[in-house]
């Protein structure tokens, strides 16, 4: 057992760190230090830069544009990325539709869509949830009727993150309403510029616009935008759930958040009971350690080609709970400084002044991607052999 | 022992509830948080007509002699309605400070408050001193006032501040016209209006000094106990609203073909919310009755305990309300997330949980019932 | 609203306090200060003393031997009792079978059994749980067959608290196995000296003997020991669940425990971080306050003759959770001093030396009397209107 | 990075597991906790034959050069088997202390330990100093030793203590024959044997002083990091056993006509236990690898974090195991309650949660991976 990085890995880490130091732009660093969301232009500029390096589609096979890194290297990259104050990349292209395409897509589909993801040119969004199909995805209703040379799509998606930024959506639609719930679902790629699509913003309680409703009225989608066969949508969706993501636990970003919190406390104007605050931070750091080393085991298992067990649900649950705890600590340790919302100038500490934005937004992290309750149900079935 | 709301208090609460139902709504709230101007003249005069301006104050000073419990029930309803009208910050808080100081000058000002002739706000905090209200960082040197006040909840329209400062290490309470200060207004977490005020070597005249030394400290101590309870009252209103909405949602929202309230885990979440809400209500009643006590240790014990408890349990109820609502709970569209912000906000005003636990741990224990 | 005791109540409190000061024996005080269980003789001596005062059957109507106190007085009595270091009285006679008898019993039964309860002479135990009927009481199997002049009882009870001390047991038995689960159950009084009864001890993880298994082999119970009608057992059991108990939340005893904890910390030999420990105790005290005032509302409602709502389940849940938290704090604040089990002499602090006994035993308090999970199920049904 | 147990370590763990399965049982445990005499000569020599006596120690000193991870896997199995044989307290702990001091005299004593010729125990604590091992309350004045040691886990049979004292403010480690002290033996929470030892102006000869000053402090610091990890290992074994038993119970125990594992609330309890157990395992591996580091800050960071985490999560697992088992879980009959006591016990040895959180909060952060 060797829990330290190897010499090669440390060298890799150094090279990534230097690169980050030189390439993460100041505006991004500033936003990150304050815990702010980036504008579309900032985010896309950053992703294109990574794309140019070949560092965007990290988990992909080399033949499709992946860097050929081990899971450990990907973890190191993510850590250095986060600690350098750079944002996580959007998962919809690189972690979701990409792997679907190279696993289930026809050659033409791969040729057409993968390069745009690898380079950061094409922005994707995920059309899964519907007003009455959130955690219970199998009951989705958005209908894709097969016509001669296209599908005619009608219906509505909701909670569509960054739909307003996106060029493309991958989407679960019902192609056959006559069969059992899961069976009639297909996986469709939709160009967001197609007539009949309306994107309406949903503002979140952090005051920002991340989410959308997307309405489809007689939207014509070419038949060749179907991935796999009709009715395979459920299989593909399940495949994605088990697809490896070294970042599911949010370890790197929690490191970054705890380091922001420490800075804020140490540089606080002084009325804080700092030794008291440090105890609370110590508890968070220790929880992060437990999460981090559990994550390492997943990473190591991936590098050794071992299959992932139920740990990954655990990582998601613990990881999101920790993100919430850290953000709550940031709000509470900020005291009154956290009361501010749109103050034009710093009052004591910028970090604390913005703390509730992230805290508010992160209430969603135990909900989306399958609520933690659903994750526990699934895990319980595995444990109990139900 | 008798635990019922007095008839009169129930009447006040019911009237407040009816008034808010007729005159306030989530739509009005949403417009209000976007506006610089906090609210029209109509709701200001409505408050006065309802008798709220006089409610918190002794009859001898021209008030209606309401108890803290009466005021708390009004504030509870304001919280339940998500209403941002700054009743506490611009009427109750400055008015009680004037009353607690109790000089001829302050009682005269108080009657202006009751008549709605002035718009005051308390400026007790700055980010250096934090919750240590007895040692503000602002300094009064001779007749020159220098420093800043932050987190001043002036509702966006106060014209005079009741501000604290230290003069030779002694606490003073001053009434300073906002016109002579540099003021930056912005929005607070709960959507209300809040200000930073910079005092750049401001000239202070005799009449501006309302109280100093022990008198000022005592008035402030009493005020804070009072305000902590109103924080709790507002949170209770919001937490109750969240519980009712969440219970209703669990009964009607379907997933996997059944109401989500049929899942045992959701049931237990709701039960936990219900039980905590019960205890929050008990704490509110307890604190409202005891925080007006002449006995400082009773006041402190009751109000710090209540606030510490609320900053834990009301916050937890708000978090669970969102979790049970799912995605819809984190949107601006629905009131759930706004109640959530309100509760977070109130958990941080006039002392947060850590502050109150620490204060409480330093009080001497008073054997219950003695 | 008046949350202070009235002048009369304060005088009552003073009189109880003086009485306790004079009448709680030193050996009892000593055990109580250490958190130890009393021996049968101590416990019964104490209950007889209360019986002599007419202070045992506190909730009973005057005609049956109650003191005619208000719920507030009963609460005050309990508080003063606990703070004086006296033990709670056994609930089985005064809080359980007594009220059943004067509500459902025949005059002969009342005459025969109530006086022994009021005086503390007769000790009772409760025969409800069975090996396969714990939280799921309706599935109990102990059989009482009606013969000419007696019931023939066969079966087994378990978790029978103080069965080895008891003169009598009140017992749920199945008199009719042919009808639906709840319907065939009857409420029977059994003399523990009847041949065919075997009591076997169950030792708890606090190292003590509180619990027992009770085996019935052809035990003959007179027909006149049936309370109410055959088949009424379930109704009576449910009646008992809603029967008022001012002490269900354990407020008085938690006060006593927290004061023991405070003493232990303040008098601790010194290595404790006392300000840190005081913060933890402050949190417990605040929780106790919330519980206490919620309990007061129940007490006040009782005095005003208002019916109890779902609050009482809440009191049981919160009350037991708090007892566990206090006992855990006592163990943890004791540090190494809590490591001791049967040390013949004090090591630093007696209170800490014995802390794990109570901590261990109290793990049961969220289980017995209907586990907290079951309580929540019941409460959920009421809230959701299921 | 490589997270597999080395083949050799797996072999050691498997052997330990098999040995305990064949030679230890809940029945033996129950007899053992009632006896003054801790265990027969047969299991003592079995330990030696298994190579456990030499395992923790460097080959240069006559040991088998096992890592802390190797030893932790043995201790994990001891915990899982609820085995009270005092391997850690009478072999590992004193042996490592002798090794860490590393003088000719202590290495000679160590070889006696490895050969099973002496029975030692460490006496590091007293109730005055608590977890502050560097400032024991026992004093060495010239050649006279006065004071007491408490919580000495000597397994009921040690003949010599490695005890700490202060001589003119300087830490000393002494080897004192128990024969010259007043000793009171009793049972600890986990059922093991523990002692109070009174040193009433005891004569100390030259040979008894093993180390002093910085040397003693360093040896102690290394020892404690090592022992914290073994506390975790023992708790992990117990928590794992509790989880497996509880899962099995939930599958088979019926209530209301169905297995209790079919209730969602029980399912979520089990999932929480499972997830925490995963994280506990990661922490154990992490701490076992890092707590032998030459770098004191790595050692302290890893071992204090692990112990603090265990004192929270392993304790919680033990509590939930009882709750799910219901009444049967709090009886002496079943092993559940005994594992519960074992875990509580280990959460308090060599620093409790509060102590370690505080220590951790005072360490400088080491950026992961550097």
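Here the chain labels run A, B, C and D in written order, and each chain numbers its own residues starting at 1.
Here is the rule we use: a contact is a pair of C-beta atoms (placed from the backbone, for glycine too) under 8 Å apart; a residue touches a chain by one contact, two chains touch by 3 or more.
Computed from a predicted structure; not experimentally measured.
Across the two interfaces under comparison, B-D and A-B, the one joined by more C-beta contacts turns out to be A-B.
Computed centre separation for the pair chain B/chain D is 52 angstrom, with centres defined by C-alpha atoms. One inter-chain figure worth recording: chain B and chain C are separated by 42 Å, centre to centre, where each centre is the mean of the chain's CA atoms.
Residue numbers of chain B whose C-beta contacts span two or more other chains: 263-265, 268, 358.
Among the residues of chain A, those touching two or more other chains are numbered 373, 376. Chain contact topology: the protein chains form a pattern that is neither a line, a ring, a star nor a complete graph. Of all possible chain pairings, those that touch are A-B, A-D, B-C, B-D, C-D.
By the touch criterion given at the top, residues 1-6, 9, 69, 247, 250-251, 261-262, 264, 267-268, 270-272, 274-275, 278-280, 282-283, 285-286, 289-290, 305, 308-309, 313, 357-358, 360-362, 365, 367-369 of chain B touch chain C in their complex.
By the touch criterion given at the top, residues 125, 127-132, 150-151, 184, 186-189, 191, 194, 196, 254-257, 263, 265-266, 319, 322-323, 326-327, 329-333, 337-338, 340-341, 344-345, 347-349, 352-355, 358 of chain B touch chain A in their complex. Chain A contributes residues 129, 132, 134-136, 139, 158-159, 202-205, 207, 211, 269-273, 276, 331-345, 347-349, 356, 359-361, 363-364, 366-368, 371, 373, 376 to its touches with chain B in the complex. Looking at the complex, you find that chain A touches chain D at residues 1-6, 9-10, 13, 72, 76, 79, 83, 255, 259, 262, 275, 278-279, 281-283, 285-287, 289-294, 296-297, 299-301, 303-304, 310-311, 314, 317-318, 373, 376-377, 379-380, 383-386. Of all residues in chain D, only 263-265, 268 touch chain B in the complex they form.
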